[in-house]
Structure formats: structure tokens, C-alpha cells
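For reference, the structures are reproduced in the following blocks.
There are two complexes below, and they share chain A, which is joined by chain B in the first and by chain C in the second.
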Partner chain A sequence: MKNRSLALQIGLTVLPILLSLVITTLLILAVGSDPRAVFQNVWEGAFRDSRAFAGVVNFWIPLTLCSLGLIITFTAGLWNIGVEGQMAMGAVFASWAALSFRLPAPVLVPVEIVLAMIGGALWALLAGVLKTRLGVHEIFGGVALNALANVVSIYLISGPWQPPEGGSVRATPPFPTDALLPPLSDEFKVSLLALVIVGVVFLAVVLALRGTRWGLELKATGKNARSALLLGVPTERSALSAFIACGMLAGIAGSYRVLFTYGNLRPLVSGGIGFLGLLVVLLVANRALWAPVVAFVFAAILGGSARLKVAMQLDASLAGVLQGFLVLMALLTNGLRARLTPPAQADSRDETPHRSGETFQPITPPSQEIKAHE
Partner chain B sequence: MNIELRHIHKRFGPVHANNDINLTFQGGRIIGILGENGAGKSTLMKILSGFQSLDSGEIWMDGQRVDYTGPEAAIEHGVGMLQQDPLDVAAFTVLENFIYGQRGGLSLGRKAARDRLKEISWRFGFFDLDPDTPIAQLSIGQRQQLEIVRLLSQGVKTLILDEPTTGISAEQKVVLFNALRELAHNEGMTVLLVSHKLEDVIALCDEVAVLRAGRLVGTRAMPATTRELVAMMFGQELPPVKREPVGEGLRPSPTPAIELDRAQLRGKRVTVSELSLRVQPGEIIGLAGLEGSGQEALLRACVGLIKPQAGRIQLCGEDVTGKSYRHFLRCGCAFGAAGRLEEGLVGGLTLTEHIALVNEYQPVVDWNRARRLTQEQLKQYNVRGRPDSRIETLSGGNQQRMLMALMPPKPVLMVLEQPTRGLDVDSARWIWQQLLERRATGTAIIFSSPELDEIVTYSDRILVFYAGRVTEIPDASRTNIDELGRLIGGHSDGAAQ
Partner chain C sequence: MNNELLNTLNSIVSNATPLVIASIGETLTERAGVTNLSLDGSIILSAMVGFVAALASGSALVGIIAAMIVGALVALIIAFAGITLRQDQVAVGFVLTLLAADLAQFLGQSYTRIPGPQILSSPLPVFSQLPVIGPVFFDQSIFAYLSYILIFGSWYWLFRTRPGLAHRAIGERPETAFARGTRVNVLRYVYTAVGGSLVGMAGAAYSLSVKAGWATPPNMAGDGWIALAIVIFGGWHPFRVALGAYLFAGLRVLATVIQRSPDVNIPVVLLNGVPWLLMIVTLLLVSSGSIERLMHVLPRPVQKWSRNFLRSDPPAALGTRFEPD
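Let's turn to the complex of A and B:
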């Protein structure tokens, strides 16, 4: 019995990966290419040398930060679609510091990162207040704020932050070296500081969700805000703090894009990483421990498939197709899991009516009722 | 059309919503289906009208066994149900709503449909159903009329109405009742009326069938008095003669546990006005009344979940009018809602997590201590479950005991909505034992219950709610179920004032 359910669990974890590989393979065959060569090229694209691998890591860093942030908001039952905008605002705040202050790097870089956290947090808080106070669902608020954040960054790039002698409307001037994160080496261009931050954030998120009062309140709010409120949890504060925490992490992610990846501020600086983070979190069913791993797989596939165009004249969006199927299949198997595993029944002495528990949901549904209700 | 239900069973998880129901409905009669919320009447009607499948049992119509799935099939067999919220499409006009669901080919046949709509609606006195009015502009009463007309034109011979008089005007009610009488008495249709408004049942029905806790209690021909119907709905067992010696050693203290001063409370359906109430420490107040008569508004106001529109509320002498629920909690209130997994327990969290939520307030949760505490509480409150069990895997009785374990040990005031809802006799008695122990330490208790004997047994004073009106029975030991039943049905005469 126990063995069977364990086998089922493992099967249901491996199944989506297999299914999406099969579908992608069929798709490659359908366009007349060799699947083995494709996978070979993707692998080489990601891992052939330290430069390629650095590219993967540079994508992995902001993706992991966003995913961890999103796990916090998902725990509180919030679909924080606005993570893209929060990244963009983080990038904007960091860029402002980079363009305005003339300070030595050991001072300037922390200032930039802290400002980025503030920027992301403010943008997230806006979505949170819209939700808790004005009843605007965080998905709609988030989408609007994403668009707005992009408009703000484009305005700044093309207007106030243009150098007086004139520059490009496609980016701000390059930031001074003191404002940038230094790479580990010329061979392996990855920021050590960013790696440390990701490690610290990862530990902090895992521990906070497991062992703190804050994490417990988030979880209760996400599962049933109404009950949580009646048990004395300040659900509104809980939801807002989740937004703020996620915004801070997204802000760091945004700052990494401008302070390391690009070295200046560009439009659409978030590059869809926030949305990809949502997919990561869906795939890991909100388990923080797995987020860096899955984020790494995503980063490798994306980085690796850039090579497809050069090597095989295939469109690199194949990677997106694979990821899309992966998430779709994962969600399907989650549904399957809910059907196959009946809710465990504790030994019950009395045969008394109670509402049968809702089906197991690996991802908390959008919160029902986080309002200024108290 | 004669309908016979044989041995109908329907379960929702552990809830036996319909337990071996056997009923026969004769054509040409209006039959009232009575029962408190959760008695199983809606389930039974949904089974008959195809909105729900049955677990086992048979439906016979005019001597033929029928077997159908889905409302469409039910309508084909001549059974149509008018839902509490009419199933119409707001963006469409009356005529368009009338047409959809009709048999027919691709062409809508607007002209013919318009004539037919007119003909049927005029026959039943629904004169203000204009075919071209959008649904959004109709009142609930008119939408109901449209649904009836639509079902009739689809050839329905048995019409089920679920709480049809909620939200319609007095004139519309007259029109509706006349139409229903016409349908049953002159056209030989079967009309089934689900309602807990006894006055409607008395005014309209030829017979009633009463359900309680999923079982058929009985049927009887009308006329019957409110009191008789209430007795059937709530059970006729007399309350135990031996009451707990409540009230002993209870001296009026200078500061009541809670005091309401001419409070105006807006409930879901009714508003309670000018309600003044002082509850002494150690006093138990029972709230009686049909669901939605205003009790829930009082209960929720006593813990700050709804704020009074007028008047003041004091807790232990402190004015807490308009304060938040969390403030009430800090002042020593405890609240237990009727829907355990909706309000009170968090599905998906373990028992330990629940205990930690109300005990571990420092930033880092000491899970070992929480688990130890949980084990102690499970033992003390006799909860069958492991600390790591998720709360929703517990049975109802265990959930209720768990809820009790989550409440503060010595609250000033406990406010409980149906504290023994869905519990068997043993579990219910156990809960009350706990409550009486807390009461002995000075906790005041306000509770509501659909079980009249529970109210009579445990209350010091009783407040009876009828449509937002409150009648007080100052000495619960000198009342009986008869009197309560009368007050619940809205007869305020004979109340011990």
C-alpha cells in the first residue's frame, strides 16, 4: 500500500518530463529535424565551455530570485503576476543610483541593491493595497502595473536619463564601472556577490516559510483567509508583507539585469524572467527547495537553445515550446494526482457529517478573501 | 402526474443527505417540503429535477420506472425546477430567455414563441412580462414568472419551486400563489414547494412532507398550525426534564461580560433594531429562530465581525463599538462559527500548525513545543488524530473538539454558532460539558442552535428571533418547546414577557 503510493508519487513526478520530451520530439520530427541532434545542440549550447555556462548562470540568478519571491506570494494565496513590473522597478531604482551617485563601488553597489529592493517592494505593495483595500484582483492589478513599469522605464530612458550630448533611445548610457557588479573572472563572467545573495535568499525563504510565525501566518492566510482571520491572524498585513517580500526579491533580480547582465537600463529589462518564474513555481508546486533546481533546468534549456538557430537553422523558441509543455504536463499530472490519491482519513470514531475536504491542491488557489475585513 | 420516490439515498462524503426517502406525490396537489437548512430537502428536489444524481433508489412516474441524468432529461420526463436564483441569462431579453432551452431547429421562430409566451403568461396572470425587456431590468418576481412560463411551455407536468417567495413583493406573491393553485387544482399538475417560511406553506399547500437530518420524518395533510409544523421540523422529543442547575451562584456583577445598548445590526437578510442585552459572567444565552432571522447578526456583532449601524457595545465595561475582531479577541472573546472548515479551521494545515497559530506568537516557531502542546491538547480534548494530520482529514466531531481546543482556556465571552452542528449525541454532550466547565469559571456564553431542546436545556435566558424581531424568554427553565415553536413561527402572543 505504502510502496504503491510511493511508486505513484514518483511516477507522477517523472511523467510530465517524459511526456513533454515525447511531444517535443514529435514536434521536431514533424518539422523534419533530428531530435537527437537538437538535444545534443541544446546541451552543448548550455555547457560546452565556461562562457556558455556563465550565460546559463546569469539567467539562473534572477530567475531563482523571482521564483523564490513568487513562492512567498503563492504561499499567501496570491497570484503575483506583477513580478515582471516589480523587477523593472527594481532595475529603474538601481539605475537611478548608478547614474546619479559618484561613490566607490563598495558603497555604491549596496546602495543600488537596497534601492532596487525598495523599488520592487513599493511596486508590489501597490498591487497589494489595490487588492486588500480596493478589491482589485492581484492578477489584473499586476498586469496593469507591469505595463506601467515598462512605460516608466521607457520614459526615463528616452527622456530624463538621456545624456545632454544625446544618446540612444534604446538604452541609457553605460553605467560607470564602480556602479557595476564585478565578474568572477574574464573566463567565467558571473557575479560572486549575486551568487551569495541567491544563496542567502534561498536559505532565508526556506527557513522563514518553515519555521517562523510569519511563514505560518502566510500559509494560513493562503489556505483560508477567512478562517485565518477568525483564528486571529492579521490576514491583510500577512498578504501585504508577502507582496513586499516578493517585490524585494524581484527588485534584486531586476538590479542584476542592469548592474551585471546589461550594464545599463533598457526597455523590457525584465525579459520575461518574472513570467518564467511563475512557471517554475507551478512546476515545483510551491516547494522552495526545488525552485533553484528547476530554475536551473529552465535556464539551461533557454541558454542552450540559442545555439539551435546557428547550428541547425531551427528557431530558438523550441525551448519555449518544451517549457510550455513541461508546465502543462505538470499541471495535468497534478490534477491526476488529486484524483488518484484519496484524502487520507484519520481514524474517526464518530460518523458525523462534515464538509468533505476539498481536493488536494498543490498550488494554493488565488486567495478568496483577504480584505480589510476585521 | 404521480411521482413515487423509493429508497432514495444520497451521500456527500460522510454526510448522509438523503437517507432512505420514500415519498409519493399525487398530481393535482401542492405539496410543501419542509425542513431546517441541511435537512436534505434541496438535495432531494435536485435529485428529482436531475441537477444531482442519486446514489441508490428509484424514481417512478405514473407506474413507470424512470432513470435520467441531467435537468434536460428531467424536463423531458415532465419535471422542472425553479431555482432560488432563476437560471436566466441577464444579457438576453425575456423572449430570448423564453426561447432558449426550447426544442426546435435552427430557426428561433420568434413570432410563434412570442405568441406562446404571451398566451401562457396571460393565462396565469403574469401581465407585466414584456417580451422585449432585458432580464437585467426585471425584478426577481418577474424573472421567476418567466422561468415558470418557460418550464410550462417545455411541457413540464411537475413544478418544483425552491424558496420562491424570497425576495419578491407581496403582490407578486399573490400572483404566484394564484398561478400555482391554478396549475395544481385545475390543470392537474404536481407542485412541490420547498420553503422554510411556514406561513407560505400554510397558505398554499395541500399536504406537507417533513425532512430532518436526511430522513423523512413524516407527511401530513394540511391544514396544520405553525406549532404543529415546527414540532415536526424540530422533533417532538420533549426536552429532558432535569435541567442543569444553571444560574446557581450567579450574582449580578457590576460589569456585565458584554452589553449591547440599542444596537442596530444588519444581517444577511434582516436588520435587528434597538437590541439591548446585558450578559453577566457565567450566563448562557440561547438564540432560537429559523435560520437567517437575525441571530447570526447578533452573534457576529458580539465579536466585532459586523459593526453595529447604531448603538453601543461594551465588553467588560470597555466601549468596543466599531472595534476590530482582533480587538475583541484581545479583550477575551472567543468565536466559533457554524461552518468549521469555512470559518475557523484552515484546511491544508496540520493540527500542530493550528495549535501553533493560536499559541506560538514569537517570531521563530518552536515546533517541538507546539507538537508537545498539540499532543496534550489532543488528549485533553479527546481529538482522534495525529499532530501531523491535516485538519480536513478529521471527522466532524473531532474537528469540533479541535476547534474547542483552539479557543482560549478562560475567555470572558464565548460566542458560538451552532456549537454541536452535525454531531452525534455523545459528541454534543461532550462539547457541552466543556462549555459548562468554562461557564463555571465565569465565562459568559452566547450560542445559537436549530435544536430547540439544546436551547431549552442549556440556556439561562433565551432570545427568540423572528424576521429580525427579538422576543426574550427571561427564564429558560419555565418555557417549553411548544412556546418556543410558536415564537419561532412569529406568534409573539403568549411569550413570557
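Let's turn to the complex of A and C:
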């Protein structure tokens, strides 16, 4: 009996991976391409040499930062779809410092990163206030703020920050070297400082969620906001602090894109990494320990697929297709698992990173919460 | 009335048409208690499939039907995951939003920016001769005429028929509906698929008529989110939802008209932010908190009227599961 359930558990873990690979293979055949060559190209695109691998790590750094931030907001029961815009705002604030301050690198870089954190946090706070005070659900507020962040960055690129040789909507002029994060080596172009930041953030998030009062309050708010409020948890403050924390991390992620990956500000600078972070967190079911691992797999798929366009004239959106099917199949097998295993066992897992059976009400009536505070 | 104004009004109606179709579809789904959050991706995928199917078959009708099937299939995945597998509808819907958009880009990569079939406007005889209303509403494509039927048809269905009553009941009080012999989960599947097929039709309305063709990034990206917001603004009532879609399209067209006039100097890029600002403002207006605040400011005689007008309560059982044990 025990063996059978163990086999079932393993089967249900492998099933989504297999299914998504099979579906992706069929889709590649459907567009008349060779699946083996595609997978080989993706693998080589990610792991061929240290240069390719550095590309993967450069996706992994912002993706992990976003995922860790989103774990905080999901813990508080919030769907922070606005993470893309928070990244973009972080990038904009960092770019402002990079373009206007003339300081030595050891001073300028920290200033840029702190500004990026402020930018991301402000944009997140906006979504948070819209949610808690004004009753606009964070999904809709987030989507709108994402689009507005892009409008702001495109406006800056094509207007005030355009290169001296004339207006373009492509990018700002390249930042001075002092404003950029230095790479580890020419062979392996990755920022050591960013790796250290990711490590520190990872530990901080894991410890904060496990062992602090703040983490406990976030969990209480996420599980049942009304009961938490009755038990004396300041749920509104708790939700806003989760938004701010996630915004700061997304801001750092955004600054990495401009201060290292590109070296200037471009439109759509977040490049879908924030949304990908949401997928990562859904896949790891909000377990912070697994986030860097899954983020690495996703970064490898993303980095590897960049090669498809050049090598095979295939659209790189294949990465999104594979990642999307992985998460969809994982969610579906989660449901299957709950149906196949005895209730006691099924309940011990947190299936999705938020309140199960939560009512999705596009408008949360905030009146009770507000009254309780006033 | 001068011609220019009539033309502007006509283009507002044609621009609003896909939004009307999609948001009426989502209204039907959410009235049954299911949230289909995948609209943005669904519309993009069905637009691509509709365009390619119409191109390959040479028949626009085939394109429309293919798009509706795609929309229904995506919606059915959400119903299956949410109802049968007890997963979170929002999570599955969000994953499908991204997945469907990427799928459209990947599968449609060899069909970008090529000429294809386009459904042009065909004036309705008799109706198009009416003053003002004729040139504005009845010199449109078939999609617009379908959308009018949908607006009135869905209102009649929901509020004037017995099965429509059951439809609303499974979104408001599923236990009561079940006790009266309604098969809650079967009907939820049905209405999710019906709503999804309309979302698919909206996709075809883009790729075969309003923004004909297929391109990456897709022309209609973002409109699915706007349609979702319009459902909330419309308070889940077909007439108000339609009004919301026309208002939205109207303000969007107005913004471009203002931009085009010579004395105004607003960068074009900032104009792209207008729909999103509108989205936040409209959701703000109908949220219960701001209505309460508004009541303190407004003079007493208009209080009741404006409260009734702005009130927007979601179906009570929206997004919840129902287990018939």
C-alpha cells in the first residue's frame, strides 16, 4: 500500500513534465520543424559554453528576485500581477541615477540600486493602496500599472532621455562605465554583486517568512484576512508591507536589466520576467526553498530559446509555450493528486500559493476593513 | 449633423464591437459563478486561429467558427481545472493568459503581416436609412449586428426566462439552486464554454474585421484585460456592460482625435496610457468604498440615484466551488 502511494506520488510529479514535453514536441512538429534539433539547440543555447551559461544566469538573477518577492505577496494572499511594472519602474529609477549623477562607481552603484528599490516599492504601493483603500482588485490595478510603467519608460526614452543624435524609441544612450555593475570576467559575464544580493535576499525571505512576527502576520492575512483582523493583526498594513517588499525586490531585478544586461534603458525592459516569476511561484506552490531551482530551469529554457531564431528561424515564444504548459499541467496534476490520494495526505500539501477555495471577487469590499481602522 | 461626427461615432461603434462581444461572454461565464481570467490570451489565440482558418479555407465563416471553438476550449480547461479538479480558477486562468498568447505567437509565426480575408461593413437595408442611428449603428460589419443581438439576447435570457433564472442562481446561491434540482456543475461547464466561445468570436472580430490580419506583437494585446474590467464596471448586467464598452471605445477614439488636432501638443506615447488610466478610474468609481465616500459629498436628492447607478456587486458565488454531496 505504501509502495503504491509512493509510486503514485512520483508518477504525479513526473507526469506534468512528460506531458508538457510531449505537447511541445507535437507543436514543433505542427509548425514543420524537427523537435530533436529544437531541443538540442535550446540545450546548447543554455549550456554550450561559459558565455551561453552566463546568459542563463543573467535571466536567473532577476527571475529569482521576482519569484522571492512574489512569494511574499502570495503569502499575504495577494496576486501581485503588477510585478512587471515594478521591475520597469526600478529600471527607470536606476536609469535616472545612471544618466544624471556623476559619482565614482562604489558610490553610484549602491545609489542606483537603492533608487531602484524605491521606484519598485512606490509602484507596488500604488497597487496596494488601490487595493486596500480604494477597492480596486490588485490584478486589475497591477495590469493597468504595468502598462502605465511601460508608457512612462517609452516616453522617457523617446523624449527627455533620448540620445543626442536624435529621437529614437529604441533606447537611451549607453550608461557610463562607472554606472554599470562590473562583470566577473570577460568569459563569464555575470555580476558578482548581484549574485551576493540574490543570496542575501533568499536567506532573508526564507527566515522572515519562517521565524518573524511579520511573516506570521503575512500568513494570517493570507489565510483568512477577516479572522486575522479580529485577532488583532493589522491586515491592511500587512498587505501593504508585502507589496512594498515585493516591489523593492522587483526594483532590484529591474535595475539589473539596465545596469548589467543592457547597459541602457529600453522599452519593455522587464521582458516578461515578472510574469515568469508568477509562473515559477505557482509551480513551486509558494515554497521559497524551491524557487531558485525552478527559476534556474525556467531561465535555462528562456536563455536557450534565444538561439532558436538565429539557428532555426523559429519564434522564441516556444520558451513561453513550454513553461506555460509545465505550470498548467502541474496545476492539473495537483488536482488529480488531491482526488487520488486519501484526504489526510492530500491536505498536508499546500496546493496553490493562496487561500484554497478563496472567493475571487474582482471588487473586494474594503468597507469593513477600513471601518475597523478608523 | 455633420459627416465627420457621424464617421467618428461609427468608428466608435465598430471599435467597441469586439469589446462588447468579449465582455458579454465573460458576463455570462461569471454570472454562472466561474471566473475566466484568460481573456487576454484567449482573444489573441482565437484571433490568430480565426485568421489562419479563414485564410486557409477562404471562408470567413469557417474562421469565426474556428475562433469560437478555440475560445470555448480554453474556457473548458478552466472549468475542468476549477470544477472537476478543484484548482484555483484565477491561477489556471492567469497561466492560460500567458500560455495562449505565446501559443498564438509560436503557431502563427509564418502568418504575420500577410494579407488575408477581411469582413467589410455591410449596411443593413431599411435600418441604415434611419437618420443618425442608421449611419452610426447599421453601417457596420456582421460582428456589430451580432453584438446587438447578444446584448439584448443575453439580457432577455438572464432576466426574462426560467433557464436564465437558474443561470443566475448557480452564480449567486448554488446550494439553493441545487436543492431545487438544478445541476449546478453541469450548467457551470455549459455557460463557461458558451462565454468562452463568445470570447473567441471577439478574437475573430479583431483579426477578421476591426484590426484585420495577424501580427506579433498582436494588435489587440491588452484588450482582454479591458474587457474583464468592463464586466466589473458593468455590474454584470448586459446593458451596463455594453454601455461600458461603448464609453471606453468612445474615450479612446476621442483621445486620438484630440491628439490629431493641431493646437494640442501631447506626445503620442503618453496617449497609449489613456485606456489604462481609464481602467483604474472606472474600477475606482464602482468600488463600494468610493461609492460610500461619494455619498458624503453629493447632495441628498441624487444620492440614491447615483448609488444605484454605480453599484456593482459581483455574483455572490463567483469563483467558489460547489460540491454536491
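As a convention for this text, the second predicted complex is superposed on the first by the 317 of 374 C-alpha atoms of A that agree within 3 Å, B and C clash if a C-alpha of one lies under 4 Å from a C-alpha of the other, contacts with A are read in each partner's own complex, and residues count from 1 in each chain.
Heads up, the rule we're going with is that a residue touches a chain if its C-beta (ideal position, glycine included) is under 8 Å from a C-beta of that chain, and two chains touch if they have at least 3 such contacts.
In this text the structure is predicted, and so the values were computed from the model without any measurement.
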Superposed model, chain A: greater residue contact from chain B or chain C: C
Which superposed partner A:S100 touches (first chain B, second chain C, both, neither): neither
First (chain B), second (chain C), both or neither touched by A:L278: second
First (chain B), second (chain C), both or neither touched by A:Q9: neither
Partner chain in contact with A:N224 - chain B first, chain C second, else both or neither: first
Which of chain B and chain C A:N334 touches, first, second, both or neither: second
Partner chain in contact with A:S185 - chain B first, chain C second, else both or neither: neither
First (chain B), second (chain C), both or neither touched by A:W214: first
Contact residues of chain A, present in both the chain B and the chain C interface: 351-352, 354, 356-358, 361
Contact footprint of chain A on chain B as seen in their complex: 12-16, 304, 324-326, 329, 335, 337, 339-349, 353-354, 356-358, 360-365, 367, 384-386, 389-390, 392-399, 406, 422-424, 426-427
Touch list for chain A against partner chain B, complex: 211-214, 216-217, 219-220, 223-224, 226-234, 343-358, 361, 364, 374
Contacting residues of chain C [partner chain A, same complex]: 35, 37, 77, 80-81, 84-92, 94-96, 98-99, 101-103, 105-107, 109-110, 216, 222, 225, 228-229, 231-232, 267, 269-270, 272-273, 275-277, 279-280, 283-284, 286-290, 292, 312, 314, 318-321
Interfacial residue positions of chain A with respect to chain C in the complex: 27, 30-31, 79, 81, 130, 133-137, 139-141, 143-145, 147-148, 151-152, 154-155, 158-159, 169, 275, 278-279, 282, 314-315, 317-321, 324-325, 327-328, 331-332, 334-336, 338-339, 351-352, 354, 356-363, 365-367, 370
